[in-house]
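For reference, the structures are reproduced in the following blocks.
Presented sequentially are two complexes of chain A, the first with chain B as partner and the second with chain C.
Right after this comes the complex of A and B.
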């Protein structure tokens, strides 16, 4: 302590019922450990007074309530340092007084104790699904965390985005199933225990569905028919943007979730696996005018939310309220939050849920130059983070291809998903569109390059890959909404029978279609993303919106890896294949020219005849050849690769391009062959006898290597 | 919380009993840091420790960092399964060598 003795602010100036305090520092916002005390700082533009409320951990009643003296307020910020607090057992909140006049956009209520928007941990849901005390005076409690994690030499990996293979997962679902074989099921540590699996599969980036603190009980209800408890399971409803979900931590009951999550990230980084967070800045858990007052609503309703002239909540998120992201105060909070996660947690990138909302004005109209998106793109701390937008919202604005990008932002490419699904099920008139998608969608990302699009066929929303080939329609009855929820445009085909079947023909075709899908995804330019479990044929039994289920509809059954070994082996191969062939990972679009003078242009298109693609509306066959001399836009070297996609229901006799003298075509992948002949391991591809023709079986993908 | 400090064969053996949390961590730190500053070999006997909180784990790490800067060694003994799990989950375990018996610990220096 001696080193601080000479500082004047080491000494209290005020005392209130035995608690010593003094004027604080207005920045940073939140609660910060300072010598011998804690600095509290919070903003409200319209409160008439503010009181700091202090609790012992889990206590029903506070041990102190200290009103902020007027002289401690600078501008609209209240701050004070309180001395001799126990960092580990302290819980704190605020009471704000002010008008409750919804028509003037204010909803102050000093009977409520409010959680700090800048709290670094939240108590109240420490253990997943522990029964809450619904009458608690202060349910979601702000806490302090130690921010001295020993990262040793770790830092964000900064893998070039074109080299990523993203694996989208839900923390709890990944290891909660009894077959996961991990000690700490359903937790951050559970993922750590499964790192060897992720390495074996070959992915190099995990994208975590929301891990900011949320209330799994929000809108929870019993299914009237089954009695099952339906939850806010996926967590797309944030309580606090700086706090990790305690219930996802095996150590949450000890308040060590911060160290646990950082340890997971450090271990993933050691294994060269990046971490992207799915972040939900479009709304909060406070709902609309009927929802609870937890934090923002009682601190500064008109700043934090988009409100109608009558004082109701705009609902562009489809969940009750809309965070007012382009208000300068909220914009700064979002920026502070992302900087915090990038610097304190070493997060490699962010995927923004319903990101289009972040580009709306305070009145809700789309902005041509949204300040928040611009700030994030040019921020010095976030300079090397991946920024990925879900470029649509529930207000009907669809911006795939036109999301304001500032040379930085990438997008979930919804057009890729829809086109590839239609092609896979044999729709006509898709070949032209498909040719754009496998090239990284130059039609919509002309000036942004191939890495502007995150290519995916499945994600948490919608069918799994297996269900995409096993169901024509969604089957969402278990969600308790009479099958009315969830998307109706699934572009899926059940291969001849709706749901599970013992029919070998149907099951074989389904497996082939899954392999076809994975192969198309991995040979496409852009950044591929696969959904957790698709590599082993995970099913949700046709439910395409499992947001509320804490059960096997969401939990990954690890026995599938053995049961569907052919799928897993194929997925592993095709991922490995992409990672070993730089020609699939160009940053800039193809130019359809031979700018490296290799004899072939970077990409060329073919059909049943070589050099003659069939663009007609009845065509279901599409082939392309990539010239390895143009790999990484001419900066790397690769083989010549020929890919034939036949989604016609019969075999097709295909003429293949003649290779230069001394090079021969070899088969790498042929999904028409039964496992284990559906692929040849790297460098062990089999040379084909007829170097000018190939038979592509019905609904199959062929990959040839010229070397 | 009780702390007993002994020295044997150039090894400082620190035996702790009770809980190491925010209430006791400061006390523990002030009791042992002077001794730790004068040695390269620390053996922490945690057989009598039932719980270590975040603040407690940080005291262990401070000992490690101080000894490491002198190229010394810190060994833990008597770590209960529960504490071992918490240390593993929060990453602290990676910094320490853990042995099962006091004898093994002493022979590991």
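Right after this comes the complex of A and C.
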């Protein structure tokens, strides 16, 4: 302890009602443990004064309120060190005084206790669905966390993005169902218990829907018909950008959510599974002028939000307010936040919800060179993190293919989803478009390579894969909005009956269509993402917007794995197939030439006749051949692979390319065959008799291997 | 409940009995005890936690600290931990870093 004693700033200089404190350090922002005390630092461009408010954990009333003396303020930053605080039981907040004049964009209210935007944990709702008390003096309470987790040798995995197979999941939904078999249902620890399942399936990356602290009761209401409580279940509404959701941690009630989440990440990394966070920087939980004052609104309204000249909130997010991401202050906060998650939590990448908002100016117009996106792209701490944009927003800005990327950003490829869905249901005029999608969309990502696109057919928004083949229309009545919410353009086909049926023909066709979809996804260039449960035929009964349901509409029913064993086995095979064939994972686009002099170009297109693709508008058949000599852009070696996609409703006779002397075509996948003959395990593919022709069944995918 | 720490070294094994609630107000006492006893280079460290009824983050950190100070050759035993303590260790991934026993020597 001797070194502590030699520094005078380890000792208080001031005292206020028995609390000892001194001038603090301006940086870092937030509350930081320092020898003998805690350093508090917060800024506001327009407050006239600031008071630090200290609580014992869960106490209604604060035990101390310490006004910041003027001399503790540098620039717009208030800082102080308070001594002899208990790190584990302390909860803190601020009061900010200043004008309440919405027309000049200020909404200060010193009667409110404000949560620190830089708090590392939030107390007050420690467990999921803990009943809220709206009249509480201070409901969402800033807390301290220990930042000394024992990571041992762990670090972010830095798996090349083209090698990822992303599994999008919701923490609570993954293990909450009674059939999950885990001890701590619906938690981070629950996911940890399911790591063997994820390994068995073969994915190597999970993308977690929002885990920043949010209020599940925000905008909650009772369904007028059923009386069921409808929640902010998905959590796309952030209370604090640095704090993990306590209600997602089994140990949240002990305040150990940080340790529990880090333990999960460390364990996933040990199993070579990356973790991507779905982050929501487009708006906050404070809503519009009618919403609550929790933090930003009372600290510096005009800095944190995009405001109209009249002082109301711009609403590009569709949720009430829009975070002012290209204000330098907010930009720095976002950067600090992502750096914190990358360094403190070893997060491997981020998916940005409604990311085009991050490219809007402070007045809302799209910027050609948005400083925030540029800062993130060039940041040294984030240099190896995956950055993935949802390249559209609720304000009508759609930037798939044109999102400012700086050579770094990837995008959710919405065009991939729409094209593949249309092709699967047998629409005409799609083959040309589809050929671009399976090549990694070179038409929209010409200079960015195949890895610019995250390919997906389903995600949390919209139908599950099963519902995509079981429903023509959305059925969102349970959301309590008269079926008006959710997307109307689902490009889905119910295979002949709307919803559940005992008709064998319909059910067989549905399973085949699911396999077709998974197969197309896994043989496409780009980065595939599958939605939790699609590998076992998960249904939400046609509801395509289940944001509000804490029930079986969202919870994954693990019995489906046995009930739909054919789907699970197929999904597992096709994932494994992709991971074993580097030719599907090229970083750069195909060149349509034979630059490796193997005798075949890297990719070639075919139809019912080999070497003659049918691009006509009535065509529903598309085949392509990948030459393994061009795997990983010529840096790896693979078999020759031929994929035939027949979305015509009848069988077709396909001519297949002649292989070089000594090589033979083998069947790996034929979705027209009933399970277990729909695929052959790796290295056990069956050699076909007729090496020049193949019959592709109605609506089926054939994968052949030449070796 | 009052908190107490008592330690002894028998046959090159350090034994610390901990009672009460291990949180940020009490953890420094155990921390100091661990630090002091490890100077004697014990073969194993045994924490008798039968009467430990609560462990918070700060307590968890003393366990990690002890584990790191001991090195990989020595074992860290927890004797008869209560359910809450075991659950906490499980959720935070420490359960496999310690050896849980009903008595020591086993």
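Convention: the second predicted complex is superposed on the first by the 706 of 707 C-alpha atoms of A that agree within 3 Å, B and C clash if a C-alpha of one lies under 4 Å from a C-alpha of the other, contacts with A are read in each partner's own complex, and residues count from 1 in each chain.
In this text, a contact is a pair of C-beta atoms (placed from the backbone, for glycine too) under 8 Å apart; a residue touches a chain by one contact, two chains touch by 3 or more.
Because the structure is a prediction, the values reported are computed rather than measured.
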| Should the superposition on chain A be reported as showing a clash between chain B and chain C, or a fit? | clash
| task | Using the touch definition from the top, say if A:243 reaches chain B (first), chain C (second), both or neither. | result | neither
| said: With both complexes overlaid on chain A, does A:603 touch chain B (first), chain C (second), both or neither? | reply: neither
| query | Touching A:397 in the superposition: chain B (first), chain C (second), both, neither? | reply | neither
| query | With the two structures laid over each other on chain A, which partner does A:171 touch: chain B (first), chain C (second), both, or neither? | reply | neither
| task | Using the superposition on chain A described above, determine whether A:294 touches chain B (first), chain C (second), both, or neither. | result | neither
| field | Partner chain(s) touched by A:184 [first = chain B, second = chain C, both, neither] | value | both
| request: Could you pull out which residues of chain A sit against chain B in one structure and against chain C in the other? | output: 86-89, 146, 148, 150, 184, 189, 249-251, 254-256, 259-260, 263, 266-267
| field | Residues of chain C defined as touching chain A within the complex | value | 23-25, 56-58, 60-61, 64, 68, 87-88, 90-93
| field | Residues of chain A defined as touching chain C within the complex | value | 86-89, 146, 148, 150, 184, 189, 192, 249-251, 254-256, 259-260, 263, 266-267
| Considering the complex alone, what residue numbers of chain A touch chain B? | 86-89, 146, 148-150, 183-184, 189, 249-251, 254-256, 259-260, 262-263, 266-267
| task | State the interface residues of chain B toward chain A in the complex, per the touch definition above. | result | 21-23, 53-55, 57-58, 61, 65, 85-86, 88-92, 95
